[in-house]
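See the structures that follow.
Below are two complexes that have chain A in common, paired first with chain B and then with chain C.
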Partner chain A sequence: MSRGVAITGMGIISSIGTTVEENFNALIHGKPGITAIENIATVHKNDIKVGEIKRSNEELAHELGLPVDNNFSRTALLGAIAAKQAVKNAGILDINEYATGLISATSVGGMDMTEKFFYDYLETDENHRYISSHDAGDTTHKIAGELGLKGMVTTISTACSSAANAIMLGARLIRAGKLDRVIVGGTDALSKFTINGFKTLMILSDTYNTPFDNNRKGLNLGEAAAFLVLESDEVVKKQNKKVLAYLSGYGNANDAYHQTASSENGDGAFLAMEKAFKISGLQPEDVDYINAHGTATPNNDLSEGRALIRAFGVNVPDFSSTKPFTGHTLAAAAAIEAVYSVLALQNGIVYPNLNFTTPMEEFDIVPQTVLKEKEINHVLSNSFGFGGNCSTLLFSKS
Partner chain B sequence: MKRTYINGTGCVSAQKTMNTAFLEEIIINENDNILELTLPDYKDFIAPAAGRRMAKGVKNGIVASARAMKEAGVENLDAIITGTGMGCSVDSEKFLKALLDNKEEFLTPTSFIQSTHNTVGGQIALGLQCKAYNFTYVNGAVSFESSLIDAKMQIDEGEAATVLVGGVEESADATMNLLQLSGAIKSKSEMPFSILGSETNGAVFSEGAMFFVLEDKKTATTYAELIDVSIYNVLEKDELETKLELFLKHNNFSIQDIDAVILGYNGDTEFDGYYNILSQGVFKEATQVYYKHLSGEFNTASAFGLWVASHIVKLQEVPSVLQVNGITSKHYKNILLYNQYRGQDHSFTLISQC
Partner chain C sequence: MADKYYITQHCSIEGSRISFNGAEFFIAPDTAFADFAKQAYRHAGIDYPKFFKMDNLSKLSFLAADLLLKDTVPDGGNNTALLFANAASSLDTDVKYNDSIIDKENYFPSPAVFVYTLPNICMGEISIKHKLYTENSFFVFEAFNPEFFANYAAILLDTNKAETVLCGWVEFFKDEYKAFVYEVAKEGSLEHTAKNIQTLYLS
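Here is the complex of A and B:
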């Protein structure tokens, strides 16, 4: 791959901001979005902290101009807002002018509505319109509808690596000449389902998450959506488009170790990084910043840290996890971190890994803990999910 | 560009489709609105102790994929790609009900762990100790076709030589109940159900697991060549023929080259009109095939359609139970599949004898 696939637009909504600018400002000023939960009535509200977007579904629907009786899940609402921003940012006026696709990612889908109305559906038909909003694909259809996009629309769900895989597929479709333009990313809303699921796995922190810290206690869940616009070189040239950055490499591998836990030596993570390097033609020493998966669970950070050492040797470049800012946004995580990676390239910034105090005893690599300014030409971003799914993306300066 | 061949298939469905000749023993069930799966002999493929912990979708996926790999004679895979519209519904429901019924207390993680959409693909990889590329597509009725597109693109580009690709769906009680409330599943009171003579909305549902081994070379077990797959989120009825012609033209085919068309008729009078456009239009004189009266409807039922298509090409016959218009051909070289669900997620899949 030469330079890679051009990124020409970005959109994001997360607990640290409802625009790209707001997200960037929060990152550089060290302002995290982790708080007590407000929008969901859960018995765990005093035991957990989350990266929650402090806007109600009604407010989000209003922003989109939807009728009151719409049947958008929160996941679809967040996704539509971020995708519309991305399309606007890319200066696209006619969405169907070129062969355009939408590849989204979600793990929650419409579960937020299903868990609300699961028994209510049996009592009254008042909310039956949400029954067809349950499946993951409906979320993507809603986003495509909001964009007015007609064409190749699909959804990937590989747990917490989902959006990385959506971005990867989009790049491959452009490279193979199947599409001229593709909107790629992911969206996930907070739900009781995921809160309780991660709670039973005992990997939710009762305080602020502390990636790569020896005393880390687990993750904070978050909600977010982010989308990127990828365009072929021909479209970029023809329209004289400003390229924000290039997606220069990608790799996916399976850890094949355990349904939920990562292998001790991070086999899958190492293989994903190795594939990404191979595709990009870059060497580990070319990487200036690693946006780590860094969920702050005991298992992930150990496995990922070991994989980083295997991939980079003794000279692991500056790395940090941005999850202390946003929480772990599951299927959207790789998409919001892709936006952060592009911003890191554009602004020459390594984000601080907040809340870190004590190096891990298993190895001697430590994350970057304060904001650092330097020339950044290549960023590596990792995302790993249940089912042993490991993905790496490489972003390069335009 | 390399060519893609279907070299092995495995199918767990409402019909007896394991260890039997192609549709040798068919059951036409017009009295149930949810067709029961014909269970395979799991113990041939999965140790009983391990099987007890697995959801049925995972078990069916393992059985169908093992059958496809055995037939193709492959042990190593360069990619595992799974499509599932609803994901692991049984475990999702189990966890959701437990959390609602117990007010978020006393939960255990097992069903949550297995509720993740990529559980089937992950478990197949784990069983095979396969560290290769592993994707799961979850976009309604094009979940399986998305997987095919991904697989074919990897073979085209020489990134993969052997790919396992499949579609899996589970029928889970509460979900099936909600789909009856919403009208997606036909009401029991409207039986007997027939697809072609249907006068009601909704469809008869079921579940299944269909896996295929795709390779970049023709072998002794090759069924057909996979020429191309294309998906569209929405199509108006008046756009259908134009899109089809563009799709065929892109592959240097014309309508006249198609020996049989396999249509995803599901008996939903509201949306079967899409199929009528082709069956009463450009394919009026062609062999027309339907299959959802055997498989039931589900998001990846079109994978059962591809399983049928593969066998038609290999065996060069269309069993009468599959015929829509009674027209047969001497030769089945090129077969086109068209599917959509409720006017969304349209797909064309083209296979060819080789």
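Here is the complex of A and C:
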């Protein structure tokens, strides 16, 4: 493989900022976005902390210039804002000038509205417009509509590795010559559906999440959306585009272990990293920073840590999880972490793994806990989903 | 398509009867699926207690796949892709799950049932048992689609994504069920064509 697929634009909205710049500033100044939940009335409000975007749906719709009777779910609102930023950042004026696609990941889709109005649907038709927004694909089509995009549109939902797989599919479509340009990423809003689901699995922390810490208690859920613009070498050359970074490798593997748990030794995670290295032609020693999945559940961090040791040996490079800043944003996680990975390359920064105090007793590796500046040429980013769906992305300096 | 591929073994489960490569493997007439599945499990000599927590679609798929994979070694080196499809998705379990949450007074959402409200979970169960770290996809079609299986399996083999492919049509809704699972390989005698797939499916 050559240098990889060019990344020419990025957009993001998360609990630590509504632009790429705001997100970067929060990361380098150690300002997390984990708080009590405000936008959703849940019985768990005193037991959980979340990475919530402190803007109402009305405010988000207003920013997009939508009519008051729109039927955008929160997932679609967040996605449209981030995707528009990415397109603008890539300097795209005519979205349909080249063969352009949109691949968006989500796990929540329109569930936020369905759970809000489900019982009311039978009583009154006031909110019936949201019924057609329920399915995950509607979210992506809404975003495509906001972009005016007429090309290929598809949705990926593979739990917490969704956005990594969306990015991977986009890159493969470009390399296969099927598309010239593709907007890839993911979006997920907070919902009772995910809060209650993760609560039932007993993997929500009642305090701030502490990845790779021996006393970690589980994850904080978050909401976010982020998109990258990928473009073919021809389009980049023709338009003399500035390349932010390259997506140099990607891999997806099956953990073949359990519906909601990762295997003891991180088999799927190890295979995903191995595949990404093979595609990129890079070696483990080329990696300068690992943006870990690091959800702070007892199971993930042990499994991922062991997989890192298997992939990198005793010299695991600087690694950290940015989930103490944003919470676990599920289907959007790999997309926001892709943005953070590109920023790490551009600025030569290893982000701190906040909230870490005690090394894990099972192994010797510890995350980078304070901001570190150094030359970074390659970043590896992991994302693992329920069902054993494990994905790795490799980003390289332009 | 560059190469020819072959159907090397096949299994059908329907109406309390299992046939394996055209011969009757097990039959338990007039038995409801739950009991039939248990008897078939014992008859096949399977020792895998997780089987009993699976939903119907997974049990059905698992039994068929287990017959075809019984001579393989679960050491993680088996590059058999799984290519499954059906028409009813996971509706059988979806309905059961919905029944458990429809009554506000008697509301009991079970995580153990919930995890089966996706059709591809049945492939996960097969992958876990046989340690298949391989390609897998589950498609939902209106009806059995032999052209699709012929084409998609050939692409998996043409592009070296897999050494062999286990193709499966696995349908379960209420009391109706049918599994038709077969193996595609690079060597064999019965060519993997839409016509041959259709003939075996109907046999």
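Everything that follows uses one rule, which is that the second predicted complex is superposed on the first by the 398 of 398 C-alpha atoms of A that agree within 3 Å, B and C clash if a C-alpha of one lies under 4 Å from a C-alpha of the other, contacts with A are read in each partner's own complex, and residues count from 1 in each chain.
Just so it is clear, a contact is a pair of C-beta atoms (placed from the backbone, for glycine too) under 8 Å apart; a residue touches a chain by one contact, two chains touch by 3 or more.
Keep in mind that this is a model prediction, so the values were computed, not measured.
A.B. asks: Answer with clash or fit: chain B and chain C placed together on chain A by superposition.
C.D. replies: Here chain B and chain C cannot both sit on chain A without a clash.
A.B. asks: Please work out whether A:Gly387 is in contact with chain B alone, chain C alone, both, or neither, and reply first, second, both or neither.
C.D. replies: Both partners, chain B and chain C.
A.B. asks: Quick one: is A:Ser280 in contact with chain B, with chain C, with both, or with neither? Answer first, second, both or neither.
C.D. replies: neither
A.B. asks: Given the superposition on chain A, which partner contacts more residues in chain A: chain B or chain C?
C.D. replies: B
A.B. asks: Kindly classify A:Ser132 by the partners it touches after superposition: chain B alone (first), chain C alone (second), both, or neither?
C.D. replies: first
A.B. asks: Which partner does A:Gly268 reach: the first (chain B), the second (chain C), both, or neither?
C.D. replies: Touch status of A:Gly268: both partners.
A.B. asks: Quick check on the superposed pair: does A:Ala253 touch chain B, chain C, both, or neither? Answer first, second, both or neither.
C.D. replies: both
A.B. asks: Would you mind checking which of 146-154, 182-190, 218-226 or 236-244 on chain B runs into chain C after superposing?
C.D. replies: Clashing stretch of chain B against chain C: 218-226.
A.B. asks: Overlap of the chain B and chain C footprints on chain A, residue-wise?
C.D. replies: Residues common to the chain A contacts of chain C and of chain B are 197, 200-201, 253-260, 267-268, 271, 387-388, listed in rising order.
A.B. asks: Quick one: in the complex, what on chain C touches chain A?
C.D. replies: 76, 109, 111, 114-115, 118, 120-121, 124, 127-128, 131-134, 136
A.B. asks: Which residues of chain B touch chain A once you look at their complex with the stated criterion?
C.D. replies: Going by the criterion above, the answer is residues 80, 85-87, 92, 95-97, 99-100, 103-105, 107-109, 112-119, 121-123, 125-126, 128-140, 142-143, 146, 149-150, 153, 156-157, 174-175, 177-179, 181-182, 184, 230-235, 299, 344-345.
A.B. asks: In their shared complex, at which residues does chain A touch chain C?
C.D. replies: Within the complex, chain A contacts chain C at residues 197, 200-201, 253-260, 267-268, 271, 387-388.
A.B. asks: With touch defined as at the start, can you tell me which chain A residues reach chain B in the complex?
C.D. replies: That would be residues 42-44, 102, 106-107, 109, 111, 114-115, 118-119, 121-122, 125, 128, 131-132, 134-138, 140-141, 144, 149-159, 165, 169, 172-173, 176, 178, 192-193, 196-197, 199-201, 252-260, 267-268, 271, 385-389 of chain A.
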